[in-house]
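My questions will all concern the structure given below.
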Amino acid sequence: MSDFAQFTRAQMAQHCAADIPEGWYVNLGIGIPTAVADHVPLDREVIFHSENGVLGMGPAPAKDAIEPWLINAGKQYVTLRDGGSICHHADSFAMIRGGHLDLCVLGAFQVADNGDIANWATSENDTAPAVGGAMDLAAGAKRLWVIMDHTTKSGEAKLVSTCSYPLTAMACVKRVYTNLATLDVTERGFVVRAMAPGLTLENLQARTEAKLHLSA
Amino acid sequence: MIDKIVQTMADAMAGIEDGATVLLAGFGSVGQPNQLIDGLIEQGAKDLTVAANNAGSGHVGLARLIELGRVRKIVCSFPRSSDPVAFETAYRAGTIELEIVPQGTIAERIRAAGAGVPQFFTATGVGTKMAVGKEHREIDGRMYIREDALYGDVGLVEAWEADRWGNLTYKLAGRNFNPIVAMASKLTIVQTQHVRPLGDIHPDHVHTPGIFVNRVLHIPYGDPGSF
Amino acid sequence: MSDFAQFTRAQMAQHCAADIPEGWYVNLGIGIPTAVADHVPLDREVIFHSENGVLGMGPAPAKDAIEPWLINAGKQYVTLRDGGSICHHADSFAMIRGGHLDLCVLGAFQVADNGDIANWATSENDTAPAVGGAMDLAAGAKRLWVIMDHTTKSGEAKLVSTCSYPLTAMACVKRVYTNLATLDVTERGFVVRAMAPGLTLENLQARTEAKLHLSA
Amino acid sequence: MIDKIVQTMADAMAGIEDGATVLLAGFGSVGQPNQLIDGLIEQGAKDLTVAANNAGSGHVGLARLIELGRVRKIVCSFPRSSDPVAFETAYRAGTIELEIVPQGTIAERIRAAGAGVPQFFTATGVGTKMAVGKEHREIDGRMYIREDALYGDVGLVEAWEADRWGNLTYKLAGRNFNPIVAMASKLTIVQTQHVRPLGDIHPDHVHTPGIFVNRVLHIPYGDPGSF
C-alpha cells in the first residue's frame, strides 16, 4: 500500500461534492456522505433534504446557535438556509419515493456491478435488523451514489459481482467513490473514472472482486 | 444561483409536447392558473390529455383549448360545470374522449403519482358504473377497487406567493388541487400573484416546497373573478 | 294531497339540522342539504366541511363582505368561523375516504331500502355523466343522510326496493328526510320516524314503492 | 361548545384498552410526546402493539413501556437508535415481536390508514428481505410490492400550538410523523406546548385540522432534550 496515496475521507467527500451541480435536490446518508455538504460551496446552491421532512439544510450550527427543534435524520442539529422548508414524514418520503430527489449518497457494505447495494445488515439473520430510510432512498432517488472504503478493514472486497449481504435495493447505484477510485456503474459493470495517485488498474483490480473496466 | 422565475410566458411554456398529459389545478375560478392555460393555447401543443376537476366553461381557458381541437381526452369528475358548451359539443361530436373519475379518486390518483405509488385500493365507486372492468378486492370484509396513479407530463399551478427556489403558498380555497398537481407533474409551471425574496416565507408555512416546482411566472392579476 | 300538510323545504332542513349534535364534522351536498347549516344555531358548534379543502364554514357572507378566495364545493362564497382551516384536495378527501366525517347529507334521485343511493345520473347512458365528490362522500362518511322530495314531480316513488338509476354507492344511507316523512334505513328496511301532519301510514305507503315499517 | 382540551393526564388516557395498537409520533426527541408516553405507562394498558420510528432509548418512555412487559409487538424502521437496551433485551428473550418496516413505507402505511386506502404498491424493498412473502406486481415494467394501511387505535402526538377545536401546528422538525399519526388513529391524543384561543391560528397555517384530534393536554415543557 506504500506505492500510492489513498484518498482521504475528506477527498472522497470532495470528489462527490465536485460532481453535484447547482440546483440538485440531494439526500446525504449518515457517515462520510454527510460530510459531502461541507465541500459544496454555499454559492453553488444545492438543496439538501433529510428524511424527517427538512429541505434546504445549511451548514452545521455554531454550538451557541443551536435550534433544538431542527435536527436531521441522523439526529444531528442542523440549520435551514433561506428558502428551506418543513414537511411531514409522508410528504418527505413522497419526495423520495416519487423520484423527486436528483441524488442520494449513501454508505454501503457492498456494491455489485449491476448496481445492487447492501448497506443495512451484515448477515441474513441479524438479531434485530434496522433499515431506517435506506431502502426508500435507494429505490426512490433518481440516482444513487455510494461513498465507502474500497475494501473492508480485513481487506475483503466491497465491489463485488454479487452482494453476499442482504440487499437494500436492486440495480440502483450509479457511481461509487472509494478511498482508491471513483467508478461508474454501467451496463458493462464498474468503469473506473479516477484512481488514487500512483495506483495501477492491476492494483485496483486486485482489491476488487468484480471485474473493472476502463472508460471507452 | 437557483432561479426558477422566468420572465415570459413563452419561457414558461417552452417544451410542452404534442400528446402530453397536462394536469390543471384550480376549483371554480379560485386558484386556477387561467393565464397559464391561455399560454398553453398560445403555445400550440395538441393531442393533449387534460386532467382537471371540470371540463371548462364558456369559450375561454380549457373550453377554448377544447374548441380548438387540441384536447384528445379529458379526465375529470364534473364536466357539467356552468356553461360547459365547448366540452359538450366536442363530446357529442365524438371528437373528445371522457374519463369520468370521482373527485376524491382523481385527487388521490394525482397525489399517488407524486408520491411514487402506482396503484392503490379505494372503496369509492364500488357497486357503481365507475367500478366496471376494474380490479376488485375484498379487504377485511369490505370491497374495494383498484385505482392507478395519474401522472402529469406538465402541471399548471396558481400560487399566492413564490420565491426563486419555487417554494409556494396558496390563499384560502385557492389551494385545492395545486399542491398535488405540483407533486405529480414532471414539468410544474406556476403563475404566482406575489414573488417573495428567498427566506420571506416561513419554513413552517410553505405549502409546496420548491422541489416540486420547475418554473414560476409572476402574474399579479388580483382576485379571482366569478365562475 | 289536501288532507295533510307537506313539510316545506325549510322544515326538511330543520328536521335534519335538529338531529345533528354539537361537535360533528358534517359535509352538506348541493341544494336543500346546504340549507341545513342555516338551521344549526351558531352556539351549537357543528363543523362544516367542503370537498375543496374548507373546514369550519360559517354563515354565508354579506354581499359587501365577500372573500373572493373562499368558496365551497358548490362554488358559492362562504365564510370561515374562528377555528376554520384549509387543506388541499387530497387531504380533504382523506378526511372523507378515511371515515373522519361524522355525517354527509346529500340529495338523491332514489334511495333503496337497503341503503343504496342513486344521485348522480338519471340513466345508464347519460351522454356526459358528472359525478363530482358524491361517490367519495357516500362511501366515505361515517353516516349518510338524504334530503329529497318523497316522489318525483310526476309522482313516481323515490324510496324504492331497488334503485333503477345508476348507483352512487351501496348500502350507506342511514336516514332520509322528505317532504312527507323522516325515515331510518334499518336492517328491516325503511322505518318511519315522523310523518307530515295529517298523513297516515297508508297514504305514505301509497307514495312509496319500498315497504314501510313502523318503529318497534 | 366544542372543547377538546382535557385537564388531567388521566382524562387524556382514559379508555385505552389492552391489546390496542398505539401509533407514536416523534423523531429523535423532537416532536415526541414524551409526557403522553409516561401517561400511558401510568395508565396501565398492556399487550400493546406500538408503531414508531424507533424502539426506545435507555430506560424511559417507550423503553420503559417495553421493560414493563406491556408491548407485545413493535413496528418500526430503526430499532437501533441510541441505547436500545430495553428493546434488545426483550427481543433476545423472545418476549417482543418485531416488524421491521422501511421508514418511508411506515410513513405511507400510516398516511394510507388516515386516508382510507387499505392497500397500495411501492417499489421500496423490492428484491430485499422486506419483500419476502409479500404480493408482487409488475406495473409499467417495474416491480412493486403491496403494503397495507397501518391503523392506530390510539395516536400520541406532540404539537407546538393547539386550540379547543384540536387544530394543531408543529415547530420545525417537530412535525415529522405527528400529522399522519393524528390522521390514522381512532383516538388521537395530543400534548401541546401552547394553547391558543380559537381563531388565533391562521386557517392557511393549520398543520393538522381538528377533525383528526380527539383530546388535547397542555404540557408546556419547553425545548426537547438531547437524544
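Couple of notes before you dig in:
Labels A, B, C and D are assigned to the chains in the order they are written; within every chain, residues are numbered from 1.
Throughout what follows, contacts are C-beta pairs under 8 Å (C-beta built on N, C-alpha and C of every residue); 3 or more make two chains touch, one makes a residue touch a chain.
Small disclaimer: the values here were computed from a predicted structure and weren't measured.
Steps from subunit A to subunit C, minimised over paths through touching chains, total 2.
Contact count check for A-D and A-B (C-beta pairs in contact): higher for A-D. Most remote chain with respect to subunit C, judged by CA-atom centres, is A.
The distance from the centre of subunit B to the centre of subunit C, each centre being the mean of the chain's C-alpha atoms, comes to 29 Å. Once the centre of each chain is set as its mean CA position, subunit C and subunit D turn out to be 35 Å apart.
Among the residues of subunit C, those in touch with two or more other chains are 80, 86-87, 90, 93-94, 96-97, 140.
Chain contacts: subunit B has residues 108, 111, 115-117, 122-123, 170-172, 175, 203-204, 207 touching two or more partner chains.
Touching chain pairs in this entry, ordered by label, are A-B, A-D, B-C, B-D, C-D.
Taken together, the subunit C residues at the contact with subunit B in this complex read 51-54, 67-71, 73, 75, 80, 86-90, 92-94, 96-97, 116, 121, 124, 127-136, 139-140, 166-170. Listing the residues of subunit D that touch subunit A in their complex gives 27-28, 30-31, 55, 77-82, 84, 87-88, 91-92, 98, 100-105, 107-108, 110-111, 122-130, 170-180, 207, 223-224, 227. Per the touch definition, subunit C reaches subunit D in the complex via residues 22-23, 25, 43, 45, 47, 49, 55-56, 80-87, 90, 93-101, 140. Interface residues of subunit B, counted against subunit D in their complex, comprise 108, 112, 115-123, 137, 139-140, 142, 144, 169-172, 175, 203-205, 207. Within the complex formed with subunit C, the subunit D residues making contact are 1-2, 111, 113-117, 163-165, 167, 183, 197-199, 201, 203-204, 206, 209-212.
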